[in-house]
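Scrolling down, you'll hit the structures one after another.
Below, chain A partners chain B and then partners chain C, in two separate complexes.
On to the complex of A and B.
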């Protein structure tokens, strides 16, 4: 996201942000310590993971399967918890 | 110079008149003694059609200030008032308009803090608000309550200020006392407080995000920007007071003096008791004591330069605090010591606490402070510790 390099003289009065909706550039994926992986073979395409994801970062692909956008996925594990088929597992992030 | 008319007005009504003449758009307040008459009068004015404002009735002071923040963010001219416990309940929200640079105007009818429950005047509530980054000033009488409230709108909304501004009037001593005062012509007040336009307002056609969250990588920069901007308000406050002085004939200064010619000793006061202190100075002067009076008009941003100038020929400052910073002493006295540290090594500063919870401070007590302070200086010079005295406090202990 923007702003890391800004000095105090660069800020607008009252710290107003003049670019609306810029929260979408905030990389909440940085917070993740575990990432969801899924076994699409057993997925019944019910979409519950999509509905429950608090980050709204799960998208449906052309085949009707669901995938998390790792730029935003915080690794909370709610999708894994809610999946009725237990096809989502959480695996630890490793240093790259 | 303005004509105006001489009227007898209660301090609360003087404030309400200033808010009406400023053509305030939104008022949101919750009644609390001794501020109640201000909001009562304003709600009457709105109900009678004498003031075309939205009066938002809320369930608490926290909500009152929250509504003010929202209205101010939408570009409205906004007023609220409170006192004592009400200011404490409002406390959390008071930091928001100052950080967001929203020019809310407020009047505080200064009141002691519980417990024990007290509706009477002291400055405990003021001292809890020292760090909120609002411009803060003290009135000594009802004329000043009107004048400074009028100036508060101009100061807060000035493009080189844009900080919320609070006028302190002592509860009951001003809020409930009728005094004669000059009420200026409405057109002249309207000319002094023109419509203003904030650089950023809530506008669907030009959307901005306000009050965003500030992660560690930017928070320090926001506070630095706020601190510098707040410090830089001083010259504009003075210029606006000068302009007011020229138009209305009453000049205000960040630090005001009384009978300081040739003085070696000065009392320091804030608020309504300054006028009692003036009478004490008159009597002491008549008795040959070289004493004067320094009144802090501007409390925030603190008037360092003017204070240092005011004390330059003095040997002794005698500071009255109407509040206690428990475990520390008198808060104003501590601040004066800090403001003058390394500037005047030879200046002695002795503090007294008095006027707590509505206890009157008499002329004789100001005179006692001056003589006692001189005794204390001798004790300090002999290397003794001197404790802060609460004026007029009973010792008891006979039971």
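On to the complex of A and C.
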């Protein structure tokens, strides 16, 4: 849960969280059962995958393509479904 | 020289994310997506008051938070009351010279349960008193956070755990969805709008307009919920688009009483396309679907008449 070993006495008064956006240290990537894979040959760099990602985990790389950050990606498949050029496919996650 | 791809619209949206990843929303959550857009549009100079509900649960699991701005959680019933209190206190302190006026925006977030059922009275009061705020209702059409119980925003014919489908006659929800935007319009407030995360630029423009407005503003956002609607996680955007194209959730704004359709559709798509993608409607027979189709068309005609006037 990201707060192991913390008791209520360790928290601020009123349960104030003093560090904005600190949920970003939490890994949601292990929820995933399918991961997005990309074939950047066909990519037109439109950015639809970026704008439609509920996790805000898709970022532009140096070449202008977009890459999902697998630390956060929950594998919903929206990017693959919405991609106008079928650049993105979903493959099953395997145990490593 | 500008590269060709720079002209694509999604690339012109700010890359600043004010809603941090690592939130615990369900996979494919349309509400989390809507919150992301709203936070992008609002920026950091806001105070957000959030009702109990999915948003509060998935964004703020102690000791962590996804919010990058001032945010406070309150109860189902008093979001609008807390928000109007903060707004009034801010105004008074500015007037007395205790703090500098930084043009802070006050925003309330609530689900459909917190807006159309439990918090309606407080919201109505805040609108009537004319506080300067923006209220955003994330409408996922049931109490999803506690386990898909019906709300007054649940559409006719939808299955929920408290409106179950029977073997003989019960078809789930037997009442029609409460028309909350119209209730907001009836308060004569300066800005009311409906939005859908499948149309992100329209959504962000409406949020900006609502926040800039002097006085109360109300925006209802259609938040697709794959968990509660019993549909695959990857069709979130497609479902939102279908809801608009079939007329189930028309996008419009009402600025100072004047109606304006954001997406005008001369021909609506058959409602079956929208219903059949969701498990919560799979029990409906042809008669039920025809009933819903008639009602949706009637409502759309009424809306278009208001636009003409």
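Just so it is clear, the second predicted complex is superposed on the first by the 93 of 96 C-alpha atoms of A that agree within 3 Å, B and C clash if a C-alpha of one lies under 4 Å from a C-alpha of the other, contacts with A are read in each partner's own complex, and residues count from 1 in each chain.
Keep this in mind: a residue touches a chain if its C-beta (ideal position, glycine included) is under 8 Å from a C-beta of that chain, and two chains touch if they have at least 3 such contacts.
Note that the structure is a prediction, hence the values are computed from the model and not measured.
> Between chain B (first) and chain C (second), which does A:7 come into contact with in this model arrangement: first, second, both, or neither?
A:7 sits against chain B, while chain C stays out of touch.
> Return first, second, both or neither, reflecting whether A:84 touches chain B, chain C, both chains, or no partner chain.
In the superposed model, A:84 contacts neither chain B nor chain C.
> May I ask you to decide whether A:20 touches chain B, chain C, both, or neither, giving the answer as first, second, both or neither?
both
> According to the stated criteria, A:64 is in contact with first (chain B), second (chain C), both, or neither; which is it?
In the superposition, A:64 contacts chain C only.
> Quick one: name whichever of chain B and chain C touches more residues of chain A.
Touched residues of chain A are more numerous for C.
> Should A:56 be classified as contacting the first partner (chain B), the second (chain C), both, or neither?
In the superposition, A:56 contacts chain C only.
> Pick one for A:45: touches chain B only (first), chain C only (second), both, or neither.
second
> For chain A, what residues appear in both contact lists, the one with chain B and the one with chain C?
Residues 3, 6, 11, 15, 17, 19-20, 22, which sit in both footprints.
> Spell out the residues on chain A that touch chain B in their complex, using ranges where they run on.
So the residues of chain A touching chain B come out as 3-4, 6-20, 22.
> Could you list, by residue number, the parts of chain C that touch chain A in their complex?
Chain C residues touching chain A: 3, 5, 8-11, 13, 15, 17, 19-25, 27-30, 32-33, 36, 59-69, 200, 226, 232-238.
> Can you name the residues of chain B that touch chain A in the complex?
Result: residues 99-102, 162, 199-200, 207-210, 212, 214, 217-218, 220-222, 224-225, 228-229 of chain B touch chain A.
> Would you mind writing out the residues of chain A in touch with chain C in their complex?
1-3, 6, 11, 15, 17, 19-28, 31, 44-48, 50-57, 59-60, 64, 69, 72, 74-78, 80-82, 90
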